[in-house]
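In what follows, chain A forms one complex with chain B and a second complex with chain C.
Moving on to the complex of A and B:
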C-alpha cells in the first residue's frame, strides 16, 4: 500500500496533536508557573484539543485505505535516509486516541489529586511533556524519530516518578527506571544502527514492507532482537521488570498514565508497529513469545503476595504486558493491539480508583484501607470492582473479549503448552485480583483511619471536599464506560485494523471460552474461600509456604541480584579499582617519576658544594676512573 | 586555496592582544570586566565574516601568507578549513561567556585575570589557524603560560601542585613535538604544513615522527594513561579556566591528530591505528568507571571528558568519513556541553563554596532554573537523543560498527556508563536532602545570559546538525582522500562514502527533499 500525502485538515490536526502539549510544557514551565490555576487551564486545553483532534481523525478515517505519510528529511547520504514526520494508519490512530484520552482524563483527575501541592504547576508541565513525547512516539514515521521520543518518554517518566523532591526513594525509583530502560534502549539503538548500515531505510513503512526481502535472515533476526531489547526495558519484561513496581513512588495519577497508555505501552506498541517486520523472523517472534510468557507468570506470582494496592496493579501491568507480547509473539496482531487498548482503559481505571483510596486514607496497604471503611466510597469502589473484573476477564467486560482473542491466538500455535501457560496466567490473575477485591469489600473489622503519615504516604494530602471527590470521580465513570463498551467494539476494531478487509474465518474454539471461564471461576473461587467468605482468615495459601512466599515477595530475588552486581561488580570492583589505580598507579607513577627527577637533582647538587677540596677530589676520582677504563679496555 | 583581501584571521588572533594593551590603563574593576566583555563580543562579531566560508571548497580559505625568515623557510601563514572553522567559532563564543561567568567568581587581581583570559584566547585561535609549523608551535606554547597563571593564581587550595603538573606534563609532550618539527624541516625542507603534507617520507621516519607527535597530542587530549593532569588541573582551576581547558585546550590534541599525524605520517598512522583505537576504547571505559566513583563534581566531569575525548580519538583513527564527522562533532559538542557543566559547577560553587556533591544537595526545589540547565547539559553529556552529543556519538558509533562491529560493541558500555554517572550526579543535586540550598538564590540575569546561548546550541546542533556537517564535510573528505591515497595500505572500504547532508528542510508537498550537493 503506497502512502498518500495528507490534506490540509489532516496535516493541521496531526501537527496540532503533536505540537500543543509541547507548547503547553514551555508555557507552563517558563511562563505561567507562578499562577497555578492558569497553568492547569493551559495544560488541560492543550491536552483536550489533541484528544478532539485524535477522535476527529479516527472518525474521519474509519474506512481508510492507504496510510497517510508526511515527513521531512533529517539526514540523508551514504545510502541512508532518516526522516521525521508522522504516519497515520489504523494502528497509530487507535493508539493516538488512547494516549490522548488517558492523558486528558489523568489531567482532569490530577486537579483533585494534586490540589494544594506546591509543585502542581510544574507537575502539569511534566504531564504535558509526557503527553507530547508519547503522542510524537505514536505518530512517528521513522525509527529514529520513534527512538528519540522513546527516550523522551523515559525522561518525562523519570521526572514524574521522582516528582516529590522530599522523597529520596522516589528519585531512586526514577533513576532506576531511567537506567534500566536505557539499558534496554542501548539494544534498540544498536538495532537502529544495524538497520541503518545494512538497509539504509528507517521508515516504518519501508521496514515493514521491504526489510524481510532485503536483509539476510541472520541480520533480520539480529536487528529484530536488538530492537526487542528496548521493548524489554520499556515494557518492563523479564529480566528488566523490576523498575516498574518501584516506579509507584510517583504520584498515583502518574502511575495510571505510566501503566496504561504511555511509557510501558510504548514497548508493546513498538512490536505492533513493526509487526510485519517481526513476522519476517520467526526466531525473533519466538523470543517475544518466550519473554512474554516468562514475564507474565513471574509477575503474576509476585502480585499474589503483595499488600500494597499499587504494587498489585503494577505487577499485574507487567504480567498483562507479557500477555500482550504473548499474543503478538503467537502471530496475533489484533490480539495484542486489542488487549493493549482494553488494558489501557481498565488499568488506568484501577490506578485512578486506587488513587482515591490512597488520597482518602493516606495508606497504600489495602488491608488497612478496607479496615478504614473503603467500601463506603461508592463510586470508586464500584468502578474498582468493574475494572478488576475486566482485568480477570469476566464476561461481558472488555477484558474478557481481548483475553479470549489472545488465547485464541495462542491456540493456533502447534505446541499446546503456550495455551495452557496462558490459561494458567489468566487463573493467577483472577486469583490476585479477587483477593484484593474481597479484602476491600469484606474487611474483618472496621477501625478508625490510620494516623496520617504513619505508613503513609504517597498521596497523603489534607483537605478533600466534595468538589475534589467529584473531579476525581468523573474520569472514573468515563473509564468505566469504556471498560464496558470496548468489549463490544472488538469486531469493529478488528476490521478497522485490518484496513476494512474481510476478516479471516479463524477457527472458533468454543471449548476455549469455557476453559478460560472455568479457570477464572476457579481463581475467583479460591480467592473467595480464602478472603471473601464469612470467617475466612484472609490469609492466602501461599502464607503456609514460606519458601515460595519469600521468593515471590522478593521478586524472585531479581532486585537483589542487580543490587549485588551493581555494588560488587560495577562500583566495588571496576569503579573502585580503576579509581584506586588512577590515583596510585597512573598518577602515582608520574609523581614518582617527578620525585625521582627531583631526587637525582638533589644528589647532583651535592657535588656542587663550592668546597674546593671536594671539587678536586671529584676531578681526581673521575680522571682515575677514566684512566682505569682506558687501561683495561 | 582562496586568498582573502582583508586579513580576517589576523584580526581574530590579534584583536584580543590589542585589548590586552589597553587593559593596564583601566583602573576600576567593573570597567575592566565590561571592557573585556566588549572585547569578547567584538571578537565574536569579528567571526561574522567567516560566514563567507565557502562550503564547497576543500582547501584552506581566508589564507594569509607573508615571508618571515626567508632563509629558514619560515612564513607567517594562516588559513582556515572546516575543522578550524568550528574550533575558532567555539573559542570566540566562549570568551564573552567566560568573562561573564567570572564576574563575581574572580575578586582578586582582576586586571591580570582578564589579561590572561585574552592572551589565552589569542593563542588558542592562533593554534587553530596557523599553517606554519613554527607558528603553530609558538601559539601552542604561548597558550600554556596564561593557562598556567589561571590555575596558579586564581585556583583552589592545591593550585601550585596542579598548575605545575599541568605545565610540566604538557611541556614534556610538546618538547617531542619540537623534535618532530625539526625532523620534518630536515626531511621536507619547509615549515609550511600544506607543503609538508604533500611530501612522502620513509616509513621509518614516519614511525618515529608519529610517536613523537602522538605523545604530545595524546597528553593534550588527554588519552589514557596520560590523563592524570586533567582532573588535578580542573579541580583547582577557576571556572573560566576549567571551561577553556575542557572546551578548547583538549580539542587541540585531537586537532593535532587530524592536522599533523594523519596528513604527515599516513602510513605510521595506519600502522598505529589498532593501538590508538585500543587506547581510545580504554579511555572511554576507564574514564566512565572512574567518573562513577567520584565525589567531587569537577573531578567527575573531568573524567567524563576523558571518556568523551576517547570517542574523538576513536573516530579519527577509524579513517572513515563517519568517524571523522563524528569526531569533529563530539569535539564541538563536548566543548559546548562540558563548558556548560563547568559553568554550572562554578555557579553553585559561588553559593556553597564547595565542589563536593554532598554539599550541594537538594537544589531541585529551590533552584529550578539552575536544575533545568543542569539537567539539560547532563542529558546532552550522556548523549540523549535530540541533544547535540547524540549526533556525534551516533556518527562515531556508525563509523565504528562499519569498520568493525567488535569496536562498536566495546564502546557501547561506555554509553551506558555516561548515563550512570551523570544521573547519579543529577539525582543527588536535585533530590538529595538539602543542606543549605534553602538560602540560595536561583540563577540571576547574568547567569541566564551565559547559559542560554549554550542551551540554544545544545538544541540547535542536536536537532539540525545539517549546516555544521555540510561545512566540515569537504575538508574531511580532503583529509580522508589524501590519507587513503598516501597511506599505502589497501583500504578495506570499497564503497565510496557520500557525505551526509542533514537538514530539516522540506518542500510544500511534504516529500523528501534532495539537497544540492
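Moving on to the complex of A and C:
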C-alpha cells in the first residue's frame, strides 16, 4: 500500500496539531508565566485546537485507503536515510484523537485541581510540553523521530511527576521514573542502531513492509526484542514495573494523563505501530505475550492489597497494559489497540474521579475517604463506579467489549493456558475494582470530616466553590460518556483500523463471553462478600494469609531486588571497580609521574656543588672536547 | 724569532695562565684578573694575525679596541657584583658563596 502525499488541508492540520502545544510551551514558560490566568488560557487554546484538528482529520479520513506520508530528509549517507515528518494512518489518527482529547480534558480539569498552586503556570507549560511530545510521537514517520519524542515524553513526565519537588518522595519518584525508563530506552536505542546498520531505513512503513524480507530471522528477532526493551520500560512491564506506582506522587491530573493516553500508552502504541514488523518474528511476539502475562498477573495481585486509591489504579494500569500486550502478542492487532483506546477513556476517568476525592479530603487512603463521606459527592462517585465497572469488564461498557476482543485473540492461540491466565487476570481485576467500589459506597462508619491541615504539596485547599467542583466534574461527564459509547464503536473502529477491508472471520466463542462474565461475577461477588454486604469485615481473604499479603504489598519484593542489585552489583561491583581504576590507575599514574619528576630533579641536583669553579671547569672541558671533535672529525 | 708562531705561543700561554687562574683561585678578585689575562691573550692573537696575515692593518686593531672596551665594562659589572656579594656574605671567597648547592 503506497503512501500518498498530503493535500494542503491535511498538511496544515497535522502541522497545527504538532506545532501548537510547543508554541504554547514556549509562550507560557518564557512569556506569560507571571500571569496565571493568561497562561492557562494560552495552554487550553493550544490543546483545544489540536483536538479539533485531530477530530477533523479522523472524520475526514474515516474511509482512508492509503496512508498519508509527508517527510523531509534529515540525515543521509552510507546507505542510511533518516527522515522527519508525519504519517497519518488509522492507527495514528485514532491515537492522535485519544491523546489530544485526554490532554485537553486533563487541562480543563487542572483548572480546578491546581487552583491556588503557586506553580500553576509552570504546570501548564509542562502539560503543553507533554502533549506536544506525545502528539509528535504518535505522528512520527520514522523510528528515529519517534525515539526523540519518546525521550521527550520521558522528560516531561519526569518534570510533572516531580512537580512538587520540595516533597522528597515526589522528586525521588520523578528520578525513579526517569532512570527506570531510560534503562529500557537503552535497549530501544540499540535496536534502532541494529536496524540502521542492517537495513538503513528507519521509516515505519519501510520497516513494516520490508524488514521481514530483508533481515535475517535472527537479526529481526534481536532488533524486535531490543525495541521491546524500550516498551518494557515505558509501559512499566515486568521487570521494570515499579516506577509507575511511585509516579502517582505527581498531581493527580498528571497521573490521569500519564496512565491513560501519554507515556505508558506510548509503549503499547510502539508495538502496535510496528505490528507487522513484530509479526515477522514469532519469537519476539512470544516474548511480548510472556512479559504481558507476567506483568498482568503480578500487578493485579499488588492491586488487591493496596489501600491508596491512586496506587490501586496504578497497579491496574500496569496490569491492563500487560493485558494489551498479551492481545498484541497473541496476534490480535485490533484487540490491543481497541483495549488501549477504551482503557485511555476509563482510566483517565478513574484518576480524575480519584483526584476529586483527594482534593476534597486530602488523603489518598480510600478507607479514610469513605469514612469521611466520599459517597456524598454524586458526580465523581457515579462516574467512578461507571469507570470501575468498565475496568472490570461489565456489559455494556467499553471495557467489556475490548476485554472480549483480547480474550478472543488469546483463544486463537494453540496453547489454552494463555486464555485461562487472561481470564484469571480479568477475575482479579474485577475483585480489586469492586473491593474499592464497595468500600467507597458502603463505609463502615461515617466520621465528620477531620480538620485537615495543609498537606504538603496539595496547594491551597481554600475556595472549594461550586465552580471549582464543576470544572472538575465536567471532564468526568465527558469521559463517562466516552466510556459508554466506545463499547458500541468497536466494530466501526475495527473496520477503520483494517482500512475498510472485510474482516477475517475469527471464530466466535460464545462460551468465552459466558466464561468471562462468570469470572467477573465471581470476582465481584467475592468482593461483595468481603467488603460490600452488611456486616462484612472489610478485610480481604488475603489478610488471613500474611505471607501472601506481605508479598503483594511489597510488590513481590521487586523494589527490594532492585535495591539489592543496586547495592551489590552497581555500587558493590561496578562502582567499586571504577573507583579503584580512578584511584589506582588515573590518580596513581599522575602521582607517579609527579614523583618521578621530583626524584629526577633530586638526582640531578646532586651535580650542583654550589662551587663556581666546578661549573666553569665542566664548561671548559666540554668546550675543549667539542673543539677536539671538530679538529679531528 | 719574529714570526707568527712566537706571538701565537705567547698568546696561548697567556690564555692558559688565565684559565688556570680562573679555575684555581678561590678569590673572586683573582678570578676577575684571570679573566682579564684570558682576554688579553685573545687580543694578542688578533694583533698577531692582523700583523702577519691581513692586508688591511686596521681590522685587527679595531677588534682589539673593542675587546679592551668590553673588558673595562665587564670589570665594572663584575666588581659591582663582587661588591654586592661582599655586602651579603662579608667575603669574596667563592667557597663561601655556595647557596645554590643542590
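Following the convention adopted for this analysis, the second predicted complex is superposed on the first by the 562 of 633 C-alpha atoms of A that agree within 3 Å, B and C clash if a C-alpha of one lies under 4 Å from a C-alpha of the other, contacts with A are read in each partner's own complex, and residues count from 1 in each chain.
Here is the rule we use: contacts are C-beta pairs under 8 Å (C-beta built on N, C-alpha and C of every residue); 3 or more make two chains touch, one makes a residue touch a chain.
Please read all numbers here as calculations on a predicted model, not as lab measurements.
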| item | value |
| --- | --- |
| Which of chain B and chain C A:84 touches, first, second, both or neither | first |
| First (chain B), second (chain C), both or neither touched by A:435 | neither |
| Chain B versus chain C as contact partner of A:620, first or second or both or neither | second |
| Touched partner set for A:612, first chain B, second chain C, both or neither | second |
| More chain A residues in contact - chain B or chain C | B |
| First, second, both or neither for A:555, with chain B first and chain C second | neither |
| Touching partner for A:339 - first (chain B), second (chain C), both, neither | neither |
| Residues of chain C defined as touching chain A within the complex | 19, 22-24, 26, 31, 94-95, 97-102 |
| Chain A residues touching chain C - in the complex, by the definition given at the top | 604-613, 616-617, 620 |
| Touch list for chain B against partner chain A, complex | 165, 168-169, 224-225, 227-229, 232, 286, 289-290, 292-294, 321-322, 362, 364-365, 368, 372, 379, 384-386, 394, 397-398, 401-402, 408, 412, 415-416, 419-420, 423-424, 427, 430-433, 466, 497-506, 509-515 |
| Complex interface listing, chain A residues touching chain B | 5-6, 11, 29, 70-81, 83-85, 119, 122, 147-148, 151-152, 155, 162, 165-168, 170-172, 174-175, 178-179, 182-183, 186, 189-190, 193-194, 196-197, 570-571, 574-576, 578-579, 582, 586-587, 590, 594 |
